[in-house]
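Chains here go by letter, A, B and C, matching the order in which they are written, and residues are numbered from 1 within each.
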Amino acid sequence: MNAPILVAEHVTKRFGSFTALNDVTCAFHKHQLTAIIGPNGAGKSTFFNVLTGATPASGGKIFFEGRDITSIPQHEYARIGIAKSFQITNVFKQLSAHENVRVAAQMRTARFDFLRARASFKSLIEKADHLLERVGLAAHRNRIASELAHGQQRSLEIAMALASDPTVLLMDEPTAGMSPEETTTMMNLIRKLATERTVILVEHKMKLVMGLCERLIVLHHGELLAEGTPEQIRTNDEVRRVYLGKN
Amino acid sequence: MTKTAQTDFLPRATAFIAKHRVAAVLAFLMIFPLVMPYEALALNILIFGLYAVGFNLLFGYTGLLSFGHAAFFGVGSYLTGIVIIRFGLSWWMAIAVGTACAGLVGLVIGFLAIRTRGIYFSMVTLALGQIVYYAFYKAENWTGGENGLRGITVENFGIFGIQLDILNPLTKYYVLFVFVAAALWLVSRILASPFGAVIESIRENEGRCAACGYDVARAKLLIFVLSSLICGLAGALRALHLSIVPIDSLHYLLSGQAVMMCLLGGMGTFFGPFVGAGVFLYLEDVATVFTTHWMAVVGVIFMLFVLYFPRGIWGTLIHRWQARRVHAGEAR
Amino acid sequence: MAEISFQLLLLQLMTGLALGAIYALLAVGLSLIFGMLTVVNFAHGAFFMVGAFLGVYFLGLTGSFWFSLVLTPLAVGAIGLLCERFLVRPLYGRGIDYPLLLTFGLSYVMIESMRVLFGLEGVPTSVPAELKGVVDLGIGSFPTYRLFLIVATAVIIGALWLFIEKTRYGLIIRAGSRDPEIVRILGVDIARVWLIVFGIGTAIAGLSGLLAAPTRAVNAEMGIPVLAESFVVTVVGGMGSLPGAVVAGLLVGVVFSMTSLFAPEYAELSIFVLMAVVLLVRPQGLFGKAGLMG
């Protein structure tokens, strides 16, 4: 097994008196495709938000490559190499697909440069084109993001996430609301992406992740229920009781 | 036949103008005073157009609705006047000082205001702008208080051996025009830069922008300062134009004027603010002849635009023409 | 500086509370509208100004301050209802800036309308006969009318509190300010609730204008500084928080009057500085939830 790249230690998240996450400790390993699963309300999305810094944890710590990142600001995540794709489509609606990716791509090279022309950063333009091609949007390069179909917007988001050259890519239900064909395309893309970097998915479709992921983390009522290979999870009695039993 | 030629021409012209926007705007402003009924109005439109352009950087492109921009306009005016009167600085040095001070005030107000979001931002900028108003109102020894600052003189000067008479309105127009041209060039550079893309992405989706790795607060502060510099320059030019600085230059109603001009013309468009300033000031000029209740007229027109033409005049035109173009080339 | 006696300080404190009472009322109206509709009413100062004019007008018409006290909020509230129904409502769902812009334009129209109706000079006012004079508070004599301002505000805010906490309508308003969807699901016509809340908010603004009228000059411009001041109060108290509006209103009033005692030239500035400090230390305001800001 590879070394852990992202580690959650005793992570707790409370909203008022409600505890959404309770003392979750788990590790994500380098170059592994891991899924966080669990029934609705298990705390998956909360865990995703805490891992990506979107919501601060009420307790516990998060480490990335051994460094404590629990309280770094939101924008630092992309810079240290953690990118995410949101569950609710989250793009720059009035900008073209290409511009969406280009903005994300320029983060490393030209953040606050306000005197040079965008057009002079040729490598960024090419990079954006390359990424659009990768997620199958090359033909829609100049369309306004809000005009794209739902599945296309999700793909655009992934291109944006990839634009920051992340070492870890987190995705919150990447296939939610997609047609079966779109889902298949997306799963193939995820599989390919996972060969190059660490990918962490949040998913509630159990069947989908069983064939896709190398490792599963099961949450239930905000607590870590089980973790292991798909086979271990499939045969885990507790998981069967709370999750599979209902299917 | 002629009809298709016409429908073809407008989109192409728009595309051409969009590509060479600075040149197009400058060409227009060059001819502008010659077609206006009198130069004073042209000068006003030039100055307030620049003021609205600076405001538009923040409102139209970054999506931040400030109600405190009179502070920068006014500080630009006052400081330009004060250093001329008190320290005898030459007028072009005074412009630099006035503009820089507006930027400094922008830095302080921006630092406080970006801690808030959305409608809060509007309220807070309005209130912080009022601080500047009261401060200048009370500092009578320096600012003339309620009566405003008087007696700003500009010496005549020569360039390339030609003696320029700055009291001649047309000469004055073209002298100030040089500064406006430089500012417009800068604004266009900002908008076409990588940072220009960042501020638009803040307008579209602040959270996503942060997730992309941008420090949104810093980006906002930077554009806030840039915007206040442009507005400060507009104020500095006005001080030279009027030779006085009325205390109203700092009043929040003047902040509101930037909002109105920007929306009337078309927020988030390059030329829109000039159109807005032109329409606003021309209407004011015409309406005040017929009625003393000019504010009601402008209020009603503004409400109609908010309700029915939120894109503004220029914005609506561009949108119509662009819609005819099939999705080709740049979107904006 | 001559020594300032403890009594004088207390009296100045009372003066501050009387001023703060007006601020509190203004901010309560603003917060009520914002909490429910997420609309910042930029015409709030204009409604205050119209309230002052109509208050004086009704006083002249009926000869009774008390009649005016009832008629004015009704009339101003009615104007508010019309504005919400025909001007603000079409803008829901169009982004938060639009209602703000519209009410800003509306304030221009309202200011100019009052100039048309009552002239550029404004109208003279005086303290109603039954509230003239001073009362002895034990710390010295204090103008009856200012004491009345404090009491009247307490009564109005108390009544509003009862309405919101104890009535069915209040329940809907409280639920609606948390989650409009829930109210809709419960089968309540949310548009009507918004309409009524806007009416109440503007009626309170009008009432505060009437109450403030005898203590200041009534002219068409009087609402302009008031708008900025009520924003200060709302930012200090925390947007959408009614207790915050009351506490911050009184605080701002006291800060203003204390500064006018010690350093009169800085009185106007002081409340804005207070706001700047609050923004630095606690940007969500004294009673605001952090979520509202970010």
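Operating definition for what follows: a contact is a pair of C-beta atoms (placed from the backbone, for glycine too) under 8 Å apart; a residue touches a chain by one contact, two chains touch by 3 or more.
Just so you know, these numbers come straight off a predicted model, no measurement behind them.
Undergrad: So which chains count as neighbours of both subunit A and subunit B?
TA: none
Undergrad: When you average C-alpha coordinates per chain, which one falls nearest the overall C-alpha average? Tell me, please.
TA: B
Undergrad: Can you name the chain that lies farthest from subunit A, using the mean of each chain's Cα atoms as its centre?
TA: C
Undergrad: Which integer distance in Å separates the CA centroid of subunit A from that of subunit B?
TA: Whole-Å distance between the two chain centres: 42.
Undergrad: Where the centres are mean C-alpha positions, what is the separation of subunit A from subunit C, in Å?
TA: Chain centres of subunit A and subunit C, defined by C-alpha means, are spaced 47 Å apart.
Undergrad: Find the geometric centre of each of subunit B and subunit C from their Cα atoms only, then give the gap between the two centres in Å, rounded to an integer.
TA: The mean C-alpha positions of subunit B and subunit C differ by 33 Å.
Undergrad: In the complex, go through subunit B and note every residue touching subunit A.
TA: Listed in rising order, the residues are 189-190, 192-198, 200-201, 204-205, 207-216, 218-219, 222, 226, 327-331.
Undergrad: Which part of subunit B faces subunit C closely enough to touch in the complex?
TA: The contact residues of subunit B facing subunit C are 65, 112-113, 115-120, 122-124, 126-128, 130-131, 134-135, 138, 252-253, 256, 259-260, 263, 292-296, 298-300, 302-303, 306-307, 310.
Undergrad: Quick one: in the complex, what on subunit A touches subunit B?
TA: 52, 54, 73-79, 83-84, 86, 90-96, 99, 102-104, 106-119, 121, 124, 142-144, 160, 163-164
Undergrad: So in the complex, which bits of subunit C are touching subunit B?
TA: Contact set of subunit C toward subunit B: 34, 38, 40, 87, 90-91, 94, 96-98, 100-102, 104-109, 111-113, 115-116, 120, 224-225, 227-228, 231-232, 234-235, 239, 265-266, 268-269, 272-273, 275-276, 279-280, 283, 292-294.
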